[in-house]
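Listed below are the structures to be examined.
One chain, subunit A, links the two complexes that follow: it is found with subunit B in the first and with subunit C in the second.
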Partner chain A sequence: MTIDPILLALIYILIFPGFIFLTVYGLFLQWFDRKISAVMQNRVGPPWYQALADIIKLLSKEVIIPDACDTVMFKILPYFAIAAVVTAALLLPIWTDALCSFQGDLVVVIYLLTIPTVTFFLAGWSSTSPYATIGSMRVLTQLFAYEVPMMLSLIGPAILAGTWNISEIAGFFTAHKPYMLAQIPAFFVALMALQGKLERVPFDIPHAKNEIVGGQFTEYSGRLLAFFYLAVDMEMVVGAGLINAIFLGATLGTAGILGAVIFLAKTLAIVFLLTLTKVLMGRVRIDQMVRFCWQILAPLSMAQILFDIFLKFRLG
Partner chain B sequence: MSKMTIPLGPQHPALKEPVNFTLVLEGEQITGSTVNLGYNHRGVEKAAESRTFLQDIYLIERVCGICSHSHTTCYITCVEELAKALVPERALAIRTLVAELERVHSHLLWLGIAGYEMGFETLFMYSWRDREQVLDCLEMVSGNRVHYGINTIGGVRRDITAEQKKIILSKISYLEERTKYYVKLGTEEPTVLARTQKVGMLPHDVALERGAVGPTARASAVKRDVRKDEPYLIYDKLDFNLITHDTNDVFGRLVVRVLELVESYKIIRQVLNYLPEGPIAVKVPAKIGPGEAVSRYEAPRGEDFHYVKANGTDKPERVKVRAPTMANYPSVSYMLDGGYLADVPMVIAAIDPCMSCTDRAMVYDNKAGKVQIYGWDDLRKYGIEHYKKRGIDFSKM
Partner chain C sequence: MKIKDKIILWSRLKSPWLLHFNGGACNGCDIEIVDALTPKYDLERFGAVLKSTPRHADILVASGPMTRQQVKRIKRIYEQMPEPKFVMAVGACACSGGVFDGCYSVVSGIDKVIPVSIYIPGCPVRPEAILDGAVKLLGALEASSK
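Here is the complex of A and B:
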């Protein structure tokens, strides 16, 4: 018996590694992040079902749409964010090489991961309330700060591997494991940029609650807010998966269940590093954030690229 | 970029109590700000006139939820001066002890709030956990965590035993260790430095001109501390330093508060070792006066000021409270101007504001340009009219 290719594609998109898997694993990572940071801060932390309970509660709440806002934009933006993230997940190697793999898919994933941020900006902008407007301006300012270091840091390994295909880059690092060590500065830059993309401390400036209440999401409520939160959780999975694929050799040549376990273990480790950053620091100001990204992260990843080009010539 | 006016409060995550700051923004920069009070006026001063001197202690205690002991001690000093009571030395020592424990608890609370306002949740969790130690001490000494109720006219209500002394000393040693860690964290952690240095500048002469008090003034190198300037209780017998800092910013206020913690531990040790034998209270007649008295007190947030007028009955004729936050408000609007929106919570939190303690209400007639005085009946009528317009009728109650 052969499975209908259309059915298989639907399973990939909806169940694994698509929507359902991203939802479950995203919520798990959210809980993991909260629990670990709670333990580090000497607190008890939430029970394992807390993230799911939060989503269910938000889904059951009334959706309030302000009169002054652009209703259509306001309603469809959360779904755009989720769609972009799920699409990006299909291009990542999870239990084996990526489902759709082609030259240049690295660039596509980076662009797909930018879409949620743009929807956050549009969400705040179309809400028209002052807090949301300031929040969305901060989203955009922050995007220009972390996006370039993030791209530069991912280009280094791509140059070294001599390909723009994520699965091939992973394959290269699986075959030449010692080169992973040479990518540590770029790995650090990518982690910090991901922290900015996910808007977590110290870069949670767009929705800093002490300053601008809910930031770009101030006017959102109920189902729409739940989907935005879900999109952020999924983005964490995809972001961690992307770093795993580029810097840590993805599945390390394995496939099937073992490959999936390796994926889960390494993304958990990456999220642990993100949590550690969150717990150790306070929030910085937007001008300090921009300065940090352009004066430290960007030059660091440039140096990494130069080093990788040099290494590439030595390899021949 | 066009100007934008955003309201900060009366309901806002950065504020623990209702107050309103209206900020005019140009991008992220603040070009103008106004402070609006009056959201939580409770009429404590008026209520005090209809209670006896003894009952007033418990009312005055509830002026503030953090520096409750400061307010009662300040008030009671006035009453005892009017009654010409000779308070025993042991009672004064116990009052000093509770006062310093309260300062420790208030400064640790502030450190947590400061961490929270700069998004540094770990600092918030850590300092509030350590604050539990000093709250335990206060509960053991007085029976309560926040409203201690230890003061009474003529002395204190509870004595300190040798056992309690031992426990307090051990907890203070633990807190001293922790405070060393906070000093290190506050002066070395890069994000704390980034968010506090050169933020909310209040130059020395502006601090003097605007009458800043407490750690806010001391961080601008103003040597102002009632414990040194006009010693009350047993502060003249104690050896401690007046902490000042000259950076004039939020960082200076953080350093002043953390170093004051260390001084407070020193004071607590001295008081516990000094503790003279003797009674803890004297009897004071219920009817006091006539006469008037003022007293000053260094609360954790700055100088607290009370005025009591007695007319020979068992009730005061007038009680006036000036909480430290009131004196620091003028400095806040100076510090906000020209700063960033992101720094607003830090700047406001840096004076350790206590909105409800300090709230004032005034009816100002814009057309006539003068202040109107409302009596009880006028206020009642105004309230009924106000709610009638919103469809609720209270007139039959």
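Here is the complex of A and C:
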């Protein structure tokens, strides 16, 4: 018996590793992050169902739309954020090869992951409250700071592998495992840039709650807020999955259940590193953040690219 | 009760998000509210998180005797919170005016301005009392819906 390929693709998009898997795993990662940071701070931390309870509660709450805001934009932006993140997930190799993979899908994923940030900016901007506006300006400032180092750090492995295809880059690193060690600086640059993209400590400047209340989400409540939080959680899965695919060789040539287990283990390790960064550091100012990204991360990733080009010539 | 309502009630009980409001308190109770959120008492194990905007909050944790200056502000903040919402009056002043009762500049008690769900007396309240109050509020919410 053969299964209809369209049905198979629908299952891929909606259930695994598409929407439902991303939701469940994103909520799990949120809990994992909170629990690990609680343990590091010597406290008990939230129970395992915490992220789920938060989302259900927000979904069941009243949605308030302020009079002053741009109603249509205000309502549709959370769905755009979720749609962009889920689409990016379809291009990543998660348990086997990606659903669609082509030359240049690395660039597509990077730009799809920029869309949630742009929706955060527009969300703050269209709520027109002063705190939300300041928060959204900070979102954009931060975007210009971390986006370039992130892209540069992902270009290094692409040059070394000689391809713009995420699955082929992963295949290259699976075949030549020692080269992963040569990518450690770019790996850390990508981790820090991902921390900025996810707006976590030390780069949670856009929604720094003791400075500007709730940042870009100040006016959001109920269902719309729940979808934004869900988009951030999913972005964590996709960001960790992207770093896993580019730097750690994705599934390491396996497929099926073993591939999924390897994916889960490696993304958990990446999220653990992100949590460690979050717990170790306090929030920096926006100018310090921009300076850090442009004076340390960007030159470091450019040096990595240079090194990769030389290594590539050496290999022939 | 339908299963959908049960799930929603469960999620409400497990995820109370707090908003802290100082209505002219001497800061004693505010320090104790902050105390309750520190690692030692760890309110996050009940799912409580301190939020800073009324739009995200479920429980307004208010302290102080409510000065006349603050009355219209707390009303506005209360109205900005999405339903369902609850108010915790923390400290003797918030419950009845405390030592400021009858003073020309205060209205003596938060319940004169907005409906209060639970009163937590003490001057200042102990963090354990705040935790106990939060648990009792959730318990009452659960009991009232049965």
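We take it that the second predicted complex is superposed on the first by the 316 of 316 C-alpha atoms of A that agree within 3 Å, B and C clash if a C-alpha of one lies under 4 Å from a C-alpha of the other, contacts with A are read in each partner's own complex, and residues count from 1 in each chain.
Here, a residue touches a chain if its C-beta (ideal position, glycine included) is under 8 Å from a C-beta of that chain, and two chains touch if they have at least 3 such contacts.
Quick caveat, the model's predicted, so the values are computed rather than measured.
With both structures placed on the common chain, the touch criterion links A:41 to subunit B and to subunit C. Of the two partner chains, subunit B is the only one that A:130 touches; subunit C does not reach it. Of the two partner chains, neither subunit B nor subunit C is touched by A:99. By the touch criterion stated above, A:221 is placed in contact with subunit C alone, subunit B being left untouched. By the touch criterion defined above, A:210 lies against subunit B and subunit C together after alignment on the C-alpha atoms of chain A.
Look at A:169: by the touch rule set out above, it reaches neither subunit B nor subunit C.
When the shared chain is aligned, subunit C comes close enough to touch A:64, but subunit B does not. Of the two partner chains placed around the shared chain by superposition, subunit C is the only one that A:54 touches, whereas subunit B remains out of contact. Note: residues 41-43, 131, 209-210, 213 of subunit A belong to the subunit B contact set and to the subunit C contact set alike, using the contact criterion stated above. By the touch rule above, subunit A contacts subunit B in their complex via residues 37, 40-43, 130-131, 133-134, 137, 201-202, 204-205, 208-213, 279-288.
For subunit C in complex with subunit A, the residues that touch the partner chain are 7-8, 10-12, 14-15, 39-40, 42, 44-45, 47, 50-53, 55-56, 58, 80, 82-84.
Listed in rising order, the residues of subunit A touching subunit C in the complex are 34, 38, 41-47, 49-50, 52-57, 60-64, 131, 209-210, 213-214, 217-222, 225.
Against subunit A, the residues of subunit B that register as touching in their complex are 4-6, 12-14, 25, 27-28, 115-123, 125-126, 129, 189-192, 194-195, 340-345.
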